[in-house]
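The same chain A turns up in both complexes below, where it pairs with chain B and then with chain C.
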Partner chain A sequence: MPHKTFFWFFFPSGLAMVLFIGLPIFSSFFQSLHIEPEQILIEVETCDPFGCETEVQVDQEATALARAENPLGRFNGLETYKDRNHLAFGEVKEAWVSTNNFSDFMKKVLNLPFYKSLLFTLTFCFSVTPCVIVLGFIVALSVNVLAKSIKGMVIFGTILPMIVTPLIGSLVLFWMIDSQGILGATIQIIFDDPNLSLKSSKKLTWITLIIYGIWHNTPFAFVVFYAGLQTVPQDPMEAAVIDGASRSQRVRHIVLPHLYPVATFIALICLMDNFRVFEPIIGFSAEGVAQSLSWMIYKDLRNETLMLFGSAGATSMLTILGVGILLTPVLIRTWKEFKTER
Partner chain B sequence: MKKLLIALLFTFVSTGAYAGGHSPCGVTNGTINVLANEFTTLRIVMEEAEKCAGSDADFSVTHSVDHQKLQGPALEANPAEFTAKIVTNGSITPLMSKGLLRPLDDLVEKYGANLNKSQLITFDGKVYAVAFMANAQHLWYRESIFNELGIAVPTTYEEVIAAAEKIKASGKMDNPYAGAFKAGWNLSQEFVNMYLGHGGEFFKPGTAEPSINNAKGVAALNVIKKLTELSNPDFLTQDTNAVKEEWESGNVAIMHIWGSGAASLLDDEGDQAIKADTRLAAPPTVGGGSAAATTLWWDGLAIAKNTSDENAEASFRALVGAASSTEMANNNPNAAVWLINGYTPGDAAVGVLAAAKMGATPYPSIPQMGLLHGAMSDEMVEFLQGNESAEKALEDIEAAYIAKAKEQGFL
Partner chain C sequence: MESKVNKYSKQLIIINSIFIIFWLTISVFPFLWTLWGSLKVKADFFSRADWYYAISGFNTLIETGRNFTLNGYIESWTEGEFGRAALNTIIVTISVVSISLFLGTLGAYALSRSTYKYTFWILIAALIFRAMPHITLVSGYLFPFFQFGVWGILPTTIIVLVAINQPFTLWLLYSFFKTVPKELDESALIDGCSYFQAFRFIIMPVMWPGVITAGLFSLMLAYNDFTVTALLLNQENYTMVPKINAYLGTVEYGGNYMWAVASVVSATAPLFMIVMFFQRQLISGLTAGAVKG
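And then the complex of A and B:
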């Protein structure tokens, strides 16, 4: 394709990307460098049904004036990134100095909100993604050999978890694993422990979330693998059959190498998606024991009566950075392959 | 003075209603669009407001448990997404700080003929909200179970714990206690209750610097931990509505939830045997303190600043019609403790009234309180699950709060 044609072909989507992805990211970044203007406090008398009291309140006029002068707030540089609720350089350094073995140090660091969230996010990401790829591949192989008459139905059934909105899917499961729900009660009977609850401990909640993640994401891997399977060349397959290769040998030596780029693609998308895990935490009411980076952003914007734009912006930037770091190895690999193919 | 006012309020002497004025009901022009919390009592108030607005009025209401998160952005827009907001002494502060509410003095003058003076919420002498009900968390218990085991109604948390342990030991229930311990706002609120019950102060006087890392804070956390050990193991996922369901299923014999829960717990739906056995009691004290370990709340109406005068007037009229309706209050005497003129309190008012009599503190209407409240829950979970000590949890709460308060310009 000539470069000029490519340019005009790409231009509309490029423009949309700049407008709807590039600019918001830039604006978040800009916001993360600022903090609110100083709140000017005054004491006023407030009266309610329980009596009158002199209380500290924000001086509306003075604060509004300060805000009008500086609508973006005070410039704060990268301080928000460095504070305790984000990268916490000061606290990490303090932890390093005050502890003399690595496990104590890690314990201290993982007590900080950002690192706590990062740990869950990475655990989720690296547990769900491999399982999704393996399971998706197995399901695709199995569906591929089904009789034509039932294939359509099975495919539809298989991709259902992906069709269900994440929030609804997680809510349904949340109710099922309740100690009075069908799954929760069954588990209690199996383990003969009336106090066993999947929602009560950190470990069990994490496992529940990860299983949910696998359940929700597998259909995506399945669909892509299934499409890939349709392109497996038939000649070498037939040759292999004639040579007496078993089914597992055929899968290992012909199908797998053929689908390798597809697997890379799925890994890329899954890593990216799972790094931004959010809905299941809300659906499972798991915020007490499992926080992700996306959940931190949500909390800064929605869980407070006052919105922390700077803080949310900083976490967003760190999330983008995290996705970037996570994808680098895969991208480098793809780039190398691309070059050798040329 | 405060005690006197409370006494006046809760003896329900009509404290000099305004004379004259126009009737608020029958709105013909302007749009009314209300944002309110989601619980039965507010639904009753909104139905009354709609009735008052009349069939010609353009009336709509959004009930959401997320009202506190929605209100800021919704009212900051110009024109605001909602013309009116049902606020509490907790949720009014962020709106006041940003100047998103309009002074109501002229409207009160015009349409507030039937309001009690104590209903008016004033800041610096100007009316910004009109309260219609008082609310507080207090104790609920199952009388038959208490009688059977010979337990007296607890008046302190130490007795609550002993009672729950006794019920558990009797084998009647595995998890006899319940409270709204859901991680987030609810769990933090439990700390607020317990810390105030121990006589704690959240901030160093006159500043926004936190001061919860002390013996009172540790004691408060330890009481909460004991209570959660007697609760359903899923306590971190249970909000007030979930606790009410547990109650109606007969899984709980003693709980500490909102007085306004009576509207749905004492209605004709659900197991009538449990309903007949449900008793309300005063909120307990804790740690030898004299004040009840709970907070007093009012719910009231406020009008958005960023809306046209016409809409503001229409909204005020409809809502004040409800907020001064003696008929509504007396038809639903158990739905809430109404602050409305001429209301005779029902049986279910006993808990909230006792809270006020026992000198419970109103929830602090301080602008930075929301930030501290928001910082509590995460660290409390760490403590409740035994991952860190109470002192460490309190230290972390303060540190998390300080970082946020700096960003918001309070420190």
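And then the complex of A and C:
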């Protein structure tokens, strides 16, 4: 296809991506270099029968004016990245000096907002993904065995958790595990502890969120594995049966190696998607004990008084950096594939 | 050939059936339970005293005089203005699906038929774009959108969703176009068709399965989106998902839980029906990327 034809065919799609995916990344970066105008303070003297007092107040009008004049705020360089809510170099250094052993130091660092979110995001990613792969594989194997007549129905039921949006999915589960919901109340009865609630402790909330993540992602792994199972070559299977291999041996030595590339595909997609976890945190109202990187950005943008564009921008850039690191293996794989194709 | 490979012992079949029933319970029951609960009053669905009330409908009987009530639905659709949100969702979904299919088929066709190296780099760029968390993009949009005064309205959100959706649509349709033999459009070109005519009259008619799959994924993205719609739309223009979130926590609606429960059911039911109808296409789309790799 000549360059010119290609250009016109691709132009609308390319334009949309450049304008609304490429540019915002730069815009985010640009914002992260700026900081919101500070509030302008004035001293006000208030007098009452008991005498006069001077107090410092926010001059709303002047602040609004300053913000209207220069909405992006003043240039701040990389300072936002270094502040307490992001990489917090100062605090980390302080923690290093003031603590004697490594675990105390880690405890201190992981209490800083950014590192706390990073820890949750990574924990979520790396605990959900392996479980999803194993569970998805098992479900695929057992659905594959079913009779044709009920397969369609079972597949439909299986993929339901995946097709609802994470917010709705997490709400549906949240209403059940609520201490007044069916599961929450049952658990209280089983453990005979009327105060036991999945929301009450940090550990339990994290586990709940991870279970939700598994529930939501397993159908995807199932569907992909199921499709992969259909392509398993039959000849080696026949040969294995004749040689007297048991079912588990066949799965281990023929099916698994065949599905290995499929598993890596699922792993990477899962990691990528779970790295942006944030809707379940809202659905489970878990903001107090579990924050993710995406949730931090959301919080900055949802700020009641003033949107913290600078702070959101800086977190965004750090998140994108994280995605980049996760994505490197995929890129290398695609590059190799492309080379062998030529 | 029905061979020994597909013979299963009785034991295996029993274990397998138990597992499947267990699994289906996990994946389906929460939705059935929510549907059931949406027909009760709050005191039953979130019953402090005894969760068995949720089944017997004890308080529902006292409060409304019947075992089931449609109050949650009626109130959320009238007072809660859920109808407005539903209409917005329909507008957004239809626009996003049609625009992104239009752009996506053109772009993916070009990518699949060009032999130059830059197509590879474009696909890689699309892959990177696909991985971007949506919220990082939104943080980049908000400021310029405020400045240009286009924040809060539906068209902006539609265009943004189309763009966010493009990388995946391109990859998906690209792999579908690759399966259509090149000779088909080459012969059309020799007969004097332009590239666009070959695309429109020769290739598109055989591409329907792929287009439906891609359309279904665009539909799910647009219908389900929370990140973009919650931050880029103002309250009046909210689509269904941010509206449900608004029922839960804001002062305006006073955390009206049963509205949220009823609207969750109202929002989920159409999606399930669509998916039931197009299930096969959905699965072929999910596997398009994997089976080759």
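Note that the second predicted complex is superposed on the first by the 270 of 342 C-alpha atoms of A that agree within 3 Å, B and C clash if a C-alpha of one lies under 4 Å from a C-alpha of the other, contacts with A are read in each partner's own complex, and residues count from 1 in each chain.
Here, a residue touches a chain if its C-beta (ideal position, glycine included) is under 8 Å from a C-beta of that chain, and two chains touch if they have at least 3 such contacts.
What you are looking at is a predicted structure, and each value in this text was computed from that prediction instead of being measured.
A.B. asks: Specify the partner with more touching residues on chain A, choosing between chain B and chain C.
C.D. replies: On the superposition, C touches more of the residues of chain A.
A.B. asks: Check whether A:L65 is in contact with chain B, with chain C, with both or with neither, and answer first, second, both or neither.
C.D. replies: Touch partners of A:L65: none, neither chain B nor chain C.
A.B. asks: Pick one for A:C47: touches chain B only (first), chain C only (second), both, or neither.
C.D. replies: first
A.B. asks: If you stack the two complexes on chain A, which partner ends up touching A:G14: first (chain B), second (chain C), both, or neither?
C.D. replies: After superposition on chain A, A:G14 lies in contact with chain C alone.
A.B. asks: Could you say whether A:L78 touches chain B, chain C, both of them, or neither, answering first, second, both or neither?
C.D. replies: It touches nothing on chain B or chain C.
A.B. asks: First (chain B), second (chain C), both or neither: which does A:D178 touch?
C.D. replies: Both: A:D178 reaches chain B and chain C.
A.B. asks: Now for A:V241: first (chain B), second (chain C), both, or neither, which partner does it touch?
C.D. replies: So A:V241 only meets chain C here.
A.B. asks: Is A:L110 in contact with chain B, with chain C, with both, or with neither (first, second, both, neither)?
C.D. replies: A:L110 contacts neither chain B nor chain C.
A.B. asks: Does the superposition put A:M307 against chain B (first), chain C (second), both, or neither?
C.D. replies: both
A.B. asks: Under the contact definition given at the top, report the residues of chain A touching chain B in one complex and chain C in the other.
C.D. replies: 178, 180, 302, 307
A.B. asks: If we count contacts the way the header does, which residues on chain A are in touch with chain C in the complex?
C.D. replies: It comes out as residues 1, 3, 5-6, 9-10, 12-14, 16-17, 19-28, 31, 71-72, 138-139, 142-143, 145-146, 152, 154-161, 163-168, 171-173, 175-176, 178, 180-182, 185-186, 215, 219-220, 223-224, 226-228, 231, 234, 237-238, 241, 247, 261-262, 265-266, 272, 275-276, 278-279, 282, 293-294, 297-298, 300-302, 307, 309, 312-313, 315-317, 319-320, 323, 326-327, 330-331, 334-335, 337-338.
A.B. asks: Which of the residues in chain B end up touching chain A in this complex?
C.D. replies: Checking each residue of chain B against chain A gives 1-3, 5-6, 9, 66, 68-69, 72-73, 89-91, 93-94, 96-99, 118-125, 131, 134, 174, 182-185, 187, 206, 208, 232-237, 249, 296, 298, 339, 356, 362, 364-368, 370-371, 373-374, 377-378, 381-382, 385, 388, 392, 396, 399-400, 402-404, 406-410.
A.B. asks: Which part of chain C faces chain A closely enough to touch in the complex?
C.D. replies: 3-5, 8, 12-13, 16, 19-20, 23-24, 26-28, 30-31, 33-34, 37, 45-48, 50-51, 54, 102-104, 106-107, 109-111, 113-116, 120, 122-144, 146-147, 159-160, 162-164, 166-167, 170, 195, 199, 220, 223-227, 231, 241, 244-245, 248, 260-261, 264, 267-268, 271-272, 275-276, 279, 282-283, 286-287, 289-291, 293
A.B. asks: Tell me, which parts of chain A touch chain B in their complex?
C.D. replies: Residue list for chain A touching chain B: 35-39, 41, 44-53, 55-58, 60-61, 63-64, 73-74, 76, 80, 83-85, 91, 111, 113, 174, 178-180, 194-195, 197, 199-202, 284-289, 291, 299, 302-308, 310-311.
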